[in-house]
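Have a look at the structure below before the remarks.
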Amino acid sequence: MTDDTLLSARGLTLSFGSIPALAGVDVDLWPGEMLAVVGESGSGKTTLLNVLSGRLAPDSGAVWYRDPAGRLHDVHAMPAPALRTLHRSDWGFVHQDPRQNLRMNVTAGGNVGERLMAQGARHYGDIRAQALEWLRQVEIDAERIDDLPRTFSGGMLQRLQIARTLVTHPRLVFMDEPTGGLDVSVQARLLDLIRTLVARLGIAAVLVTHDIAVARLLAHRIAVMQRGRVVETGLTDQVLDDPQHPYTQLLVSSVLHA
Amino acid sequence: MNGYNFAYLDEQTKRMIRRALLKAVAIPGHQVPFGSREMPLPYGWGTGGIQVTASVLGQDDTLKVIDQGADDTTNAVSIRRFFARTAGVRTTTHTSEATVIQTRHRIPETKLRDDQIIVYQVPQPEPLYRLESSRAETRRMHGLADYGLMHVKLYEDIARYGQISISYDYPVMVNQRYLMSPSPIPAFDNPKMHMMPALQLFGAGREKRIYAIPPYTEVRSLDFDDHPFRTIRAPHACGLCGADNVYLDEVVTNDRGGRLFVCSDTDHCAERRAAGHVGAAAMQDAAE
Amino acid sequence: MYVTVKGGEQAIDAAHTWLAEARRGDPSVPELSLAQVEQQLGRAVDRAMGEGSLYDRELAALAVKQAQGDLIEAAFLLRAYRATLPRFAFSAPVNTTDMLIRRRISAVFKDLPGGQLLGPTYDYTHRLLDFSLAADGTPPAAPRMEPDDTTMPRVPDILGHEGLLEHDGDSDGEPGDLTREPLRFPAPRDVRLQALARGDEGFLLALGYSTQRGYGGSHPFAGEIRMGEVSVEIEPPELGFAIDIGDIVLTECQMVNQFKGSKQVPAQFTRGYGLVFGHCERKAMAMALVDRAMRAEELGEDVTAPAQNVEFVVYHSDNIEATGFVEHLKLPHYVDFQSELENVRRMRREAARQAEHAEAAE
């Protein structure tokens, strides 16, 4: 692992029965950069995300994380409490289905404030003020702060999930198809929001998507996966404008132009 | 009751319960699972408290049993009789004379001493049960001190009602580590638990958990810095003895809205009246 | 003048005296004997034993009589009595292959060694009230047949020979006992089965029924139901061999369920098991359905239905715990209610004051 990567993985291998989901994958992520992992369904990209974030253990290989103090941690050797704390503070995870990461019977304000309260925030006024600020940042009307998420549209739910995830200023966010299942126009607005927030806050992110256009819009670097292997990786524009690997060429050429 | 051991439980069972109690005292506020036995009283009616009392009771003890603060409510009577029959210990209604006090839903107004034990009957030992129904998950939350969910609930209350809406069984943080249910005592009684000189033991028979607060332990009711915990009581004085700083029962005296407020702690009220204190209703009666 | 209510003790004593009178009923009517209850209300006695977790027909008959036929109350009496008894051993697993069969049927085979024996079943009765039972009388003698020495292999063993039915767990070692040790999750199968065996028949029946209607479900077939006497054996360490300490009547149900398999493991049927004291077929069958449902996670199925949620089933199957807590609501709760009253009164005052301010501002 080089001296300044935020997250690194070497030799990740994982099989489900006889199906190889990951067949020797290496990943490097630097602070403040967005890495897109693209591929078709079945390529292993979501599995990779889960292994990188410690949610799924690999058969072999290791994932290393560098904390704000510069210390290296083996993600899969960390004790459960430490990993759980990491997920609530330094790390974030944005799910494709926002309902998986929201409390549907808790108000928008409560959802955003939860991570703050889990970290020890004890001033109601402050928590509420921060929640309001974050709702503003994700362009949710301040009046909705006391509304339950079940009254929100799909796009609003996703923005609420993002607010809830970013409220503790994580340094690293994992995103699993964050715009999947949304209308095209809603997607565009959401992508714009993600790009702005990530840039402003200097967040590093690993973004899984099957949509090349999303990768081009958001990511500095791209890794193309096919059948559990990374077949090509590099700066996003370079890879997409001048794909070397036949599979990448296939992906790029089969993108439907809107 | 012929053929039964002292205080009903066999010595092996008592030993098992006392081991659980020792563990509980060593980890204030932590719920210790124990092999609760079937008792001759129904689950939910005090079997946990009874098992704890039976395990700590000795022949020289003096036992007081209260329910809703009163010695004479039917279930307190029933439990006191149970111990009178199975243990033959001395029983009393005077808080200051008791060495062991078993209680349902109140802490006596009279300050307890360091030579006393108070045993609480607990219906639901898990403070998070309404927020998370899986015990496997709540166990993980306690283990990781992962209590964000409870604070979220308090936040929601303030957002919805302008105040925290919990009026009894108000969750507390014990020794700055464990979130605990104090049992359904009114929030008014919570402050009494903080730095109490007596040993506080909690028994939940149906849910099979024991927990404890050793003497002089920090017990803080959850709140926000800008919405501090406050107690709730009827803003009146006892009609019989005049006390205005104790928990009161509201008695309906007629069908035209007539109300009388009296001390919930019957022993405390009786002591005050014996000492000459007279409340407004009693004075009015004397005048008539 | 308000006088604080006293006399709780006297009230309780009077209540108990009245209860005894109500239990006895009209004194001119002959009193029930325990023998009558045990003999002629046998199913009630069986249920009290099963849910009371205590096999003793006479005690169960007493409990049923004392409870005026309230079977949960009767089971409670037996449980409380059981709690005072020392547990000095655990038995070897009962061998139901050697059961002295009174009834044995299988829905998966038309015929099988030992045949289909109907036994004393209600199954084919027409549910018409029989008014001849209102008068005393002796029923005609049932026809007898010579005892048959044909072995009665259990259907699971028949299927097992071909490897068609999954192997059941090994039964060495001491079984868990949730009456001694606090329950922990994940609960192993022996403890889950114990909870079901003691569990409320109605609750298990409803859950089992729910699996048949789509709330989780495993395509069950009644592989075999057998009812009869088995001997209970223990092996005292001082002797080093097993001794027979008595016979009990059991009802056993083996459900054969949805097969499972993968590319590596060939398909096999899966099991659900029910075992109850006495003649209690409905419960044994329901128990087998719920047992299988609770194995969903182990068998790689999605856990979506109540019957598949182990915590839900095990925590709520004990009707003694359930009735205790439901009925405890009768106990005084006026202290907590007082707090709620003051809380609500305060919130309403606050809301009224805010409304006044808002009006005044306009």
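Going by the order they are written in, the chains are A, B and C; count residues from 1 in each one.
Note that in this section contacts are C-beta pairs under 8 Å (C-beta built on N, C-alpha and C of every residue); 3 or more make two chains touch, one makes a residue touch a chain.
Being a predicted model, the structure only gives us computed values, none of them experimental.
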Practice item. Using mean Cα positions as chain centres, tell me which chain lies farthest from chain C. Key: A
Exercise for review: Kindly indicate the chain pair that has more C-beta pairs in contact than all others.
Suggested key: B-C
Check your understanding: So what's the Cα centroid distance for chain B and chain C, whole Å?
Key -> 34
Study note, to complete from the structure: Per the C-alpha means, the centres of chain A and chain C lie apart by a whole-Å value of 49
**Study point:** Multi-chain contact residues (two or more partners), chain A
**Key:** none
Check your understanding: Touching two or more other chains, which residues of chain B qualify?
Key -> none
Point to revise | Contacts with two or more other chains, residues of chain C listed in rising order | key: none
Study note, to complete from the structure: Listed in rising order, the residues of chain B that touch chain C in the complex are 4, 10, 33-40, 42-45, 47, 67-69, 72-78, 81, 104-106, 123, 133-136, 161-163, 165, 167-169, 184-188, 206, 208-209, 232-235, 239-240, 247-251, 253, 260, 262, 264, 266, 269, 281-282, 285
Practice item. Please name which positions on chain A make contact with chain B in the complex. Key: 80-81, 84, 88, 103, 106-107, 109-110, 113-115, 117-118, 122-125, 127-128, 145-146
Check your understanding: Mind pulling up the chain C residues that touch chain B in the complex?
Key -> 1-2, 4-9, 11-12, 76, 79-80, 82-84, 86, 179-186, 311, 315, 320-321, 323-328, 331-336, 338-343, 346-347, 350
Point to revise | For the chain B and chain A complex, residues of the former touching the latter | key: 143-144, 146-149, 151-152, 155-156, 158-160, 224-227
